[in-house]
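There are two complexes below, and they share subunit A, which is joined by subunit B in the first and by subunit C in the second.
This part shows the complex of A and B:
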């Protein structure tokens, strides 16, 4: 374990770091007192509904709104062409992706719709029901165009080009070529080669996207209540698109009913809603209903990857070569782009292993489908599945157990700092420790014996492993900073000592139920030395908290946590300075402990309470010399420096039973051991991992945005797009190895995505292990009873 | 469309209080509770009866508030999360949910609690698999269900005095 010099703080009796504490927000939720955006009532609110394109690709010849506009209760109807006069279009490219192309996107389609679900016109009415009634009365004359729906042929010479001005449908090609891959393959004893298909997914947050935009013409202020992970980014982006001074825009994110990366993007319907509030000078609310969520929320994960592994006869990996193709939708998302997922796939594939020869190609093409962009554990499930599946095939060929081939090829725990095969710097990882812990917790050998015994009885069980690295807590030297995106990679916290001696803690990172507010309170209370009951955390209001990036890429604890820790330490030092003056003692002989200033030597004698410091510091300043000005608010910023990410690592184990007659799969149990560095709240960390794992399992087994040849999503309801439900899912065992990151004093890395990334690979490997006696295997997800029966040659 | 917008007067008991309102024929029970009575503890997740976020009790039975029209509740007794919180009927379950962190974003939680209360009220031992089956109409995207099953199992066992 790295020595951060803070062990004493984290382990002393007043520390809240490493302790399971419940979340105050949870108590509100169980009592029905959660306050989500739809629960907020703003006087005189109007309601928006959208006419959306029924076609994947079609020209808009005419829009007749006469009948709709005449309906009683309808306030205003605005088409995409009319709205374009009020709203700046956007361009979802970043200069850090060299050669990237995208078309300019408007909030609503102007003369052509490029996906089924693209907003075409907005109706604002007294109620949502009336607005929807009016949408049905709008008449659009369409001219259907040929959609581009197959990524495999999107770059063919004969393919229609979605945006003729771009010349072709290519968004980006990105390559990695490290070492001498060709020589390694030429010298290999074994070459494993396979192709993998991944279906499209979407986030299906239970609370859909929503905003109430409230423009006040008297002050020219735009206040937006919205379910967002990134309030400051939304403020900056909306100000730019709506031509508002940024300081006149306020974003308030109340309780957020799930986000998972969905709620970090710019959505045209949301921008249009805000624009209508400005036009009408009234509050306007839009909530995506579930059906329109399926065709307007970000999609993700549609990839085809070809992979090759070169090995020697002992099972050492000599080289890896992967070729990723993804089809992302007609526009690149703003401001994060839609190419990030493919870039992450080639960045993290084979990340835990020590081979140096690695070649990867990512090709991103545009399609007339719902735009894809970032979704929890961006790209990781794809890259991890490809590599871990190839590795299991390599284990078979070389006669090694899946555990042994991983042991043999891992970058050893004492081999860090190191660079990954993709050439990215990584430090403080623990593949070996995680694997050893996992096989013990699983009783791997016992499961293997049970598997063999049951196989004799015609019961087919499989065990799958999947090791991973996960990029967390991105730095400004990564893609966003280098690409000049308006996305903050740093974050900030302000802590203030109130007159009562309580502490107010304003954080730039945001709460979505993952427990960021609680974790920040634990860190602040520990850093300052106060009881946690005396700390109140505020987040999610751009008028109240320091500018920050919000919550994405597992950064809240790793980055916001360190900012909170440093702010807390600074406030503690200031409290001790003031106490020193009052007590005529050296500050170094004092300590803040349990909400009091005590003797540092024994933490026992209370010398002065924080309430006394607060009283004097705010009210009775005459008790201090003139040259002592208390600064009882302290702000600290933190960013990760030098490296693009703080990488984490871990390993999943899956145990499944397969019925070869029906193709049905039963998930018996799932295990995860991961290393998120210092764990602040064990229960919250565990539940992040468990929840993520089920999201990964859902993607591996059920979830799939299915399209027909016309670019129509044919299962766009919750009854048809299957999500994991309680009865489908196994119990999940979670453990942590704690290797604090050397990138911060707190030592915490991200934990929110470690469950998602590895689960699909582990379950695929388990299914293929169960099918081993039939000498068949699967490489496509979702894995369905039908695909299992097909693989077994039964249908 | 005219018939959908037709208005009807309804009188019902909500969390023990009698209310009378005039509602559109097409208004869902959950929209009525949320918009007319400001009982925002019940949520809308899908509006087609799959996710269970709108679960409320109608004459003692749990129903989907999005598949029930407000006019169907005329003369009935409706209970929501606010009501059962007030009576203390599931205080032990609520406390265990908080302790076990059996929720994250909390959007599914009121529906999940009312569904779980039905199982607890049966007063019978339930295996983890049975609890999972019972919850299979309630979608949770955050927790992965494990902690929810833990919390219900713990509460049921406590109530039955088996642990």
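This part shows the complex of A and C:
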């Protein structure tokens, strides 16, 4: 890490960095004072409900809205064809994905529905209940078409083609071919080969998608209150699709009840709702209910991966070869695309290890299912599971312990900068330190002894490890920037000294309930030198905060945090400049500490308070010489440069007990050691990791969007789509190794996705370890009692 | 997820409830705890014309000991039945089963009678009343009171002997006699979910030998199933490997589990076999939850 001299700032007694502070947002939520979009009452609001396609693939022959429109309380019904007059369609491709294809997508189906759940008509009525009643009265004449539901056959010559103008159902093929893979396999002592299946998931945020769109014809401004991670992107996208000048669109994201990557995409029902507000010149509200969330929120993670690993007899990895096939929806999501997940899979597979021979192929095909796109830890659970499972099989054939085979093949902690097998730059990672910390925290040897003793008694326990890299804080040289997407890689913060001496901090990154606002306050207070109580953070309003990318890809602290730090340092310097003039002292002999300007030498002697600087700077400017103009607002922007991501790393450990008669699992305990660089707020960092791990365990064991042969999602309720529940989760032990990133002065990397990526692999490895005495193993997720009983030959 | 329009009648007495049911028949739905009914309304899976709210009928509440019988009023909340000292002492099977019924919040509101009336095939209370040979009391304006043995009550998927104009009044459940033992086992994906497989059993145990066993399987078919062949295989036997082998065969005759995306028939049968073995072992050791 570059020595920036900042350690002194973070270590000094006034620093809030590295301290657990209670989250003001949590207090609001607990006291029932949270303000989510649904809590916002706009006068004269109408309510939208959608008629959605009951078929995965069907032509719309006719829509008769007469009876529905005649219902009292119904204001307007608009079909997809009618709406297309008012809304631009979109095309979810990026030039950075060379050769990518997608069809043009309209906000609602125009003459053909391509997935079960695609919006077909919007009803706007006085209440949501009336709107739903009217939806039931709309008569659609459908002609069913053959749906494409199986990714394995979607490219076959005989397969129906969803969009005939595309020629086939292929979205993208992407390859990596580094080193000499064939030669390495030819020279290998051992070759491990397996195939892995991953079920579809969806995000299931506690607060579903929602917006209140409020078009004011007097100003021609469109204000949208919505639960979003990316208010500025939504502003830019909605302005374009609704043919509005961008500066006439304002997006306000109040409290957000979870997002997980769901709330960074363009959804036709949301665009249609905003369009109806413009048509009707009244506020229109739409909230996705649970049932429609399942068939309209993005899905993710449906992959089949074949993997091969070549090793020498000592257990050194010589080469890896991966073939990923994924089936996304009928359209590629806008503006982030639906191919990025597969690209991430091949980018990060085997990322912690030092082999140089790596070949990978990603094939993305279109299906008549709900569109897939980015969801927390995009692609990572898949790539990590594939590699870590192959590695555990390699440990068996080479006679190495899973710990030793990882030790042997990890990139060394003192070997950076380095390049990952996929050819991506890696810096400031700590695989070795994380592993050593993990096995100590697990008491790995003790667990192995316990496992052996219990096996004698017919109790089958398993231990699983999974190491990972995670791309966080993407730079503009990554796919979005290179592909010209309207997605900001930079972020900015403005800090202002108020006349009272308090600080206003306007941040482009957003609060999702994860505590970003608290973290920004900690950074600002530390950088400036003020008590945190005097810092007010504002986020989530495009009319108030600087343009930024928002919260995605674990970027809020890594990027927004650095912008806040730099803005804070700039304000501090300005305060010292003004203080120097007032006190006729060298600014370098002064310091801002505890909300006062003090002598730098001892931090004790208060020379002037910030309230005094604020008073003079705003009201009594006559007390300053004419050539001194205080600039008490400072804005700084930050982007990651040169590398596509700030990679983080870590390792998971899982301990499970298997009942071989029932196939049921008990998760006994889970451990994670990760390196997110400088930890700003330990408690919030831990909870990000812990919550992520729960999401990962949910994906490994429970969550699954199950489709039948007709492309119908058959378990689209909360009773049948099983999310992990607190009572079923193990204790999760979290620790951090802190290797600050050299990409910023703050040194913070991302932490939000480190729990999700590795948990499924660790638990799969633990299950297979428990099954070792039976010489059986499984490779499909979700892991179910049935799949275990099948693998064990009990059924 | 907004319910379609319905009329709402909150009745104050049993007589009034039966009047409304007589008038509307299959167009009416009884509203008890609402824990099953309200979701189906909000999901527009059902659209009754009238909801008859019976929550104010005090006659339907309460748990009492009546000779060799426990009377459980239909409106008794799950949570109250679960913790009732009478139930704990005299109906150990029901006390054993209750922690598996949903979660605390649902049990606070949901009712014993609602469970039995709904007859969800994966539900615990229907299995328990069948295992315990309970009598269910129905009442209507047209037909008056009648008693239906639990073994005649469950007809199919959410189908029971109860006519649309009838209200379930109470269950009369024989108390545990000396020497009788109960065991209960259930496997579900997450705690509180409906069962992939479950067994509620009750019988007599003397010197490690089981007689008069009533093993009832739920989460298997369209209704709780009494394992007749299984009971025969166990009759006069102990919990031995030999018995288990016979039970495995018998269960294959008793059960023909339904497959769905949570588990296929083979999985459910395997789980039922394992649960039975464990429950039988528990029976000869005094019974309990397996």
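We adopt the following convention: the second predicted complex is superposed on the first by the 791 of 795 C-alpha atoms of A that agree within 3 Å, B and C clash if a C-alpha of one lies under 4 Å from a C-alpha of the other, contacts with A are read in each partner's own complex, and residues count from 1 in each chain.
As a convention for this text, contacts are C-beta pairs under 8 Å (C-beta built on N, C-alpha and C of every residue); 3 or more make two chains touch, one makes a residue touch a chain.
Remember, predicted model here, so these are calculated numbers, not experimental data.
After overlaying the two complexes on the shared chain, residue contacts for A:204 are found with subunit B alone; subunit C is out of touch. Of the two partner chains, subunit C is the only one touched by A:789; subunit B is not.
Once chain A of one complex is fitted onto chain A of the other, the partner contacts of A:257 are limited to subunit B, with no touch recorded for subunit C.
Of the two partner chains, neither subunit B nor subunit C is touched by A:280. When both complexes are overlaid on chain A, the residue A:69 reaches neither subunit B nor subunit C.
After overlaying the two complexes on the shared chain, residue contacts for A:725 are found with subunit B and with subunit C alike.
In the overlay built on the shared chain, the residue A:693 is in contact with subunit B alone; subunit C does not reach it.
Look at A:611: by the touch rule set out above, it reaches neither subunit B nor subunit C. A simple residue count on subunit A separates subunit B from subunit C, and the partner touching more is B. When the two complexes are overlaid on their common chain A, residue A:32 makes contact with subunit B while staying clear of subunit C.
Residues 129, 133, 289-291, 717, 719, 724-725, 727-728 of subunit A lie at the contact with subunit B in one complex and at the contact with subunit C in the other.
Subunit A makes touch with subunit B in their complex at residues 22-23, 25-36, 38-39, 41, 129, 133, 203-208, 255-260, 289-291, 512-515, 683-684, 687, 690-695, 717-719, 723-729, 731-732, 755. Residues 127-129, 132-133, 136, 289-291, 661-664, 702, 706, 714-715, 717, 719-720, 722, 724-725, 727-728, 784-786, 789, 794-795 of subunit A are the ones that touch subunit C when the two sit in their complex. Across the complex, subunit C meets subunit A through its residues 1-5, 39, 43-44, 187, 189-194, 196, 261-264, 266-267, 269-271, 274.
Those residues of subunit B lying in contact with subunit A across their complex are 1, 24, 26, 34, 38-51, 53, 80-82, 85, 94, 97-101, 103-110, 113, 128-129, 131-133, 135-149.
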